[in-house]
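Each of the two complexes below includes subunit A, the first together with subunit B, the second together with subunit C.
On to the complex of A and B.
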């Protein structure tokens, strides 16, 4: 009984903030998503329709945006995982003297404003940007590559932004793998690669999954970077929600899309947490 | 099965040398303990034999094979860790099978070998459990089964029993000894527990500060310690400063003792070690024995044993142990006593600078 009360007391400040800034607006938004919207007229009062939700799966345009968003999420997550694991491994298993500088290096991008970082990528990736000019000067390509306003640019930008989260999650996971376990595998005849595959990797699975969920969820709900590096035509769910609210004033459709996004996120977290339990065998 | 040889092995970490020129030859099938206080380099030696630490110099041989530069997976060794280091994501069966699979075993032959190893540590039928479902002692036995299953040339133990409670530790000691005898695998056992080392080993290697102090049979280590460090580390010794005087060792002007140690060199300063358990309060009626008169200064009761601090000579003290059920179980402070010590129990060693 007492631990229950203590728990609630400890949780209540956060609960209060979440309730006022997140849950209440969400509940207010729910009825809006079932209203009809008429261009030029606005929200039709007292109407009820499922059309806003049906459209997300039925309409080609919406469906494409949803699939693109999920695809982007998978792409960025995989990129962060592949780039982040070696870094995390180096931080945890490398020389102790490198740990702090490497960690700072990983965290450093987080200290810069998101918009600044996205502008940085624009400078690098535009058709007359640093990367294209360099490649042309070296003679590897003749015409500039299209690195921006498409999936490439957005993936690069988001991977850069969310990599620190992935690395930090993986560092925590790797630190929980006792070195004795790896040593034990080695004395039992495992090569270094087999030690990694049979011991380190499965034991860091919870961290891999947690980091992947985090990056995936952040990616599919990202607004600023897709807008800046994707341009006005490369739409993902978050930019579409923004446009429907701010440009088209189609609040019902925007709300429905928001709920769909939230639902997808919850679904993914639920599936992954089940997977963690199965994989790691450490329920 | 093979013998294990360390030849002038050195380990340096930038400015500190933790293992200083250690040479050690362990016979085939022999059980050798590395005994010493923490930081004496014993675990470093074990890890160098396992290939987990690279030696800075010297060679390590298993059988006639020079393994100094081989990675751990090419050495065919079994290592049991203090932390057990069982794979938490694998069942007991898969833990034990791990090394066998690396050797290319599979199917019924593998299952048979795993079953055999688990039966040896008396854990048959536990194969499908996960390590977290086992007690500490059971986990330790799985770790042993895992190490012996691939039939290694050398078994290494890194303080395997120090995480267990005292009662379980006694049981596991016997288990371990039995297992090693049955298998006849050359074994190197690292411990800081002298009773463990003395009771388990064929030979004990006492280490201090990266140097071997004495490498001998347990009885020799106990009865004839080679250095003052060994004498002070093994058993519960009283340590007194003395001087050689006319074929005896003098503790002060009035008090001198007979000893079977080297008493040459008149006037030489020495350290005298007399174990608590070697001092008798009862008169043994032996002419040759040393008799020391003293007064009880303090009594400390600890169940089966009573300890007395006895003041002797002008300002010396000896700690004496007596069974609490015996005739000397309840001497009161201030009571005069006559202590008897046999000459072979008076260990005289060259004086060392303060330890």
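On to the complex of A and C.
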């Protein structure tokens, strides 16, 4: 019984903070999402409408933003996977001496301020930026390419920012692949590629899935990079929530969109955890 | 065994990707020393005037101070509350530890923007919007999962019988924790505190909804000034942040073998 009292004593301060600055605020967001908003007049008190949720799928503009957000999520995840796997493989299977420097070079951008990293891409990608100037100087193009405020810039920026997460997940997965298994397959006459496809790749599948879920969820909820590299016109769900709260002051629409975004991430995480549990049961 | 070494093409691609990861960093550093107000390759001229502009600008200095106060304050509070809560969970002092752990980690799962707008509305309702305490609480919420994660991981790696031995020799619970358990989990906690600090330092999606005009943090200032247009002083202040990050990572690696905790 005494340990109970100590436990409550140790746990309750943090629980109090989380209740007052996380749980209650999230719950209170729900009623707002069912309120009616009239431009110029604000939130209509006592109103009840489902319109804010209906709009997300029914309205052309909203649907485009939602589909674009999910599309970016898929694109960035695939890009991170394709770019991240060779790096993880080199870290785990390359020269032991390279391991620490390579790992630190992967962690370094992760520790660096997100705003700074996005700013770096602005310097590179603007119409008079480094990439365009270089291409013009070399003579490959005549006029600057449009690399920002569109899917190109946002995809490059987000891939750069979430790539380290993917690499670290894949490193953890590759470390768990017993080398003997690969060696055995090779001894039995498999080609290098076949060993990779039939042994290494399936054994790292849990890591691939975990890394992909993480990158996808982070991408669809990203605000800073899409706004800095996409500008005010190339909207994704998070930037639209931001504008609805800060510019349009349409809190009901913003909160409905927030719930849609939170629900999407929770759903994806829930499905993936069920999937991995089932796979763990099979193995 | 040699067969499993990465082939030359794989190694080349992997090294190119690692270079890709550093490119924005290199470009920002070059831009901050460039004479011209936009960056050319190779950079033209060499000047420190943008650094001078930043270090004499009261807006930047104020934002740097705000960010540091907030990050240090939030990390300190998260450390005390997070370690206490983790210890209670680890020693199974409370029923339903699994659900409680999930609760502590949940700020990582909910998109930051959603936490931001929820707090904006709530703090407006309560009437504390724009206050420092409100912002500090918000930062404790977003940083505490990193402390809890590293504390639980470190605690699960230690031998409980050492603490029991201290108790048998007459130490009370807190003394045993302070003199025996705490030193054992310190490297993990340092790594967790570092993550917490970095998370607070770089947060935009929550802070931007809550910070009053006098609480503008450094990332918020950069974020909003970039919307006005690219200015080399942004590159200079970014370079200062890059240098700080390199130093922190270097010392964290030397003191705790930081890469093991990532």
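Quick note on the criterion: the second predicted complex is superposed on the first by the 248 of 283 C-alpha atoms of A that agree within 3 Å, B and C clash if a C-alpha of one lies under 4 Å from a C-alpha of the other, contacts with A are read in each partner's own complex, and residues count from 1 in each chain.
Criterion: a residue touches a chain if its C-beta (ideal position, glycine included) is under 8 Å from a C-beta of that chain, and two chains touch if they have at least 3 such contacts.
What you see is a predicted model, and the numbers here were worked out from it, not measured in a lab.
Peer 1: Looking at the overlay, does A:18 come into contact with subunit B only (first), subunit C only (second), both, or neither?
Peer 2: second
Peer 1: Touch test for A:188: subunit B only (first), subunit C only (second), both, or neither?
Peer 2: first
Peer 1: Touch test for A:93: subunit B only (first), subunit C only (second), both, or neither?
Peer 2: Touch partner of A:93: subunit C, not subunit B.
Peer 1: Touching A:67 in the superposition: subunit B (first), subunit C (second), both, neither?
Peer 2: Neither: A:67 stays clear of subunit B and subunit C.
Peer 1: Give one of first, second, both or neither to describe whether A:202 is in contact with subunit B, with subunit C, with both, or with none.
Peer 2: In the superposition, A:202 touches subunit B alone.
Peer 1: Please work out whether A:178 is in contact with subunit B alone, subunit C alone, both, or neither, and reply first, second, both or neither.
Peer 2: In the superposition, A:178 contacts subunit B only.
Peer 1: Return the chain, subunit B or subunit C, that is in touch with more residues of subunit A.
Peer 2: Touched residues of subunit A are more numerous for C.
Peer 1: Please identify the positions on subunit A that touch both subunit B and subunit C, taking each partner from its own complex.
Peer 2: In subunit A, residues 183, 186, 192 are touched by subunit B and also by subunit C.
Peer 1: Enumerate the contact residues on subunit A facing subunit C in the complex.
Peer 2: It comes out as residues 3-4, 6-8, 10-11, 13-15, 17-18, 20-22, 24-26, 28-29, 32, 83-84, 86-87, 89-90, 93-94, 100, 102-124, 126, 128-130, 133-134, 160, 163-164, 168, 179, 182-183, 186, 192, 195, 217, 220-221, 223-224, 227-228, 232, 238, 241-242, 245-246, 251, 254-255, 258-259, 261-262, 265-266, 269.
Peer 1: Mind listing the subunit B positions that touch subunit A in their complex?
Peer 2: Residues 50-52, 71-73, 75-79, 81, 83, 85-90, 98-99, 102-103, 130, 132, 146-147, 150, 156 of subunit B touch subunit A in their complex.
Peer 1: Contact residues on subunit A for subunit B in the complex?
Peer 2: Contacts found on subunit A: 178, 180-181, 183-192, 194, 198-199, 202-203, 280-282.
Peer 1: Which residues of subunit C touch subunit A once you look at their complex with the stated criterion?
Peer 2: 1, 3-7, 10-11, 13-15, 17-18, 20-25, 27-28, 31, 38-41, 77, 81-82, 84-85, 87-89, 91, 93-94, 100, 103-104, 106-107, 109-115, 117-123, 125, 134, 137-138, 140-141, 144, 173, 198, 201-202, 204-205, 208-209, 218-219, 222-223, 226-227, 230, 234-235, 238, 241-242, 245-246, 248-249, 253, 258-259, 262
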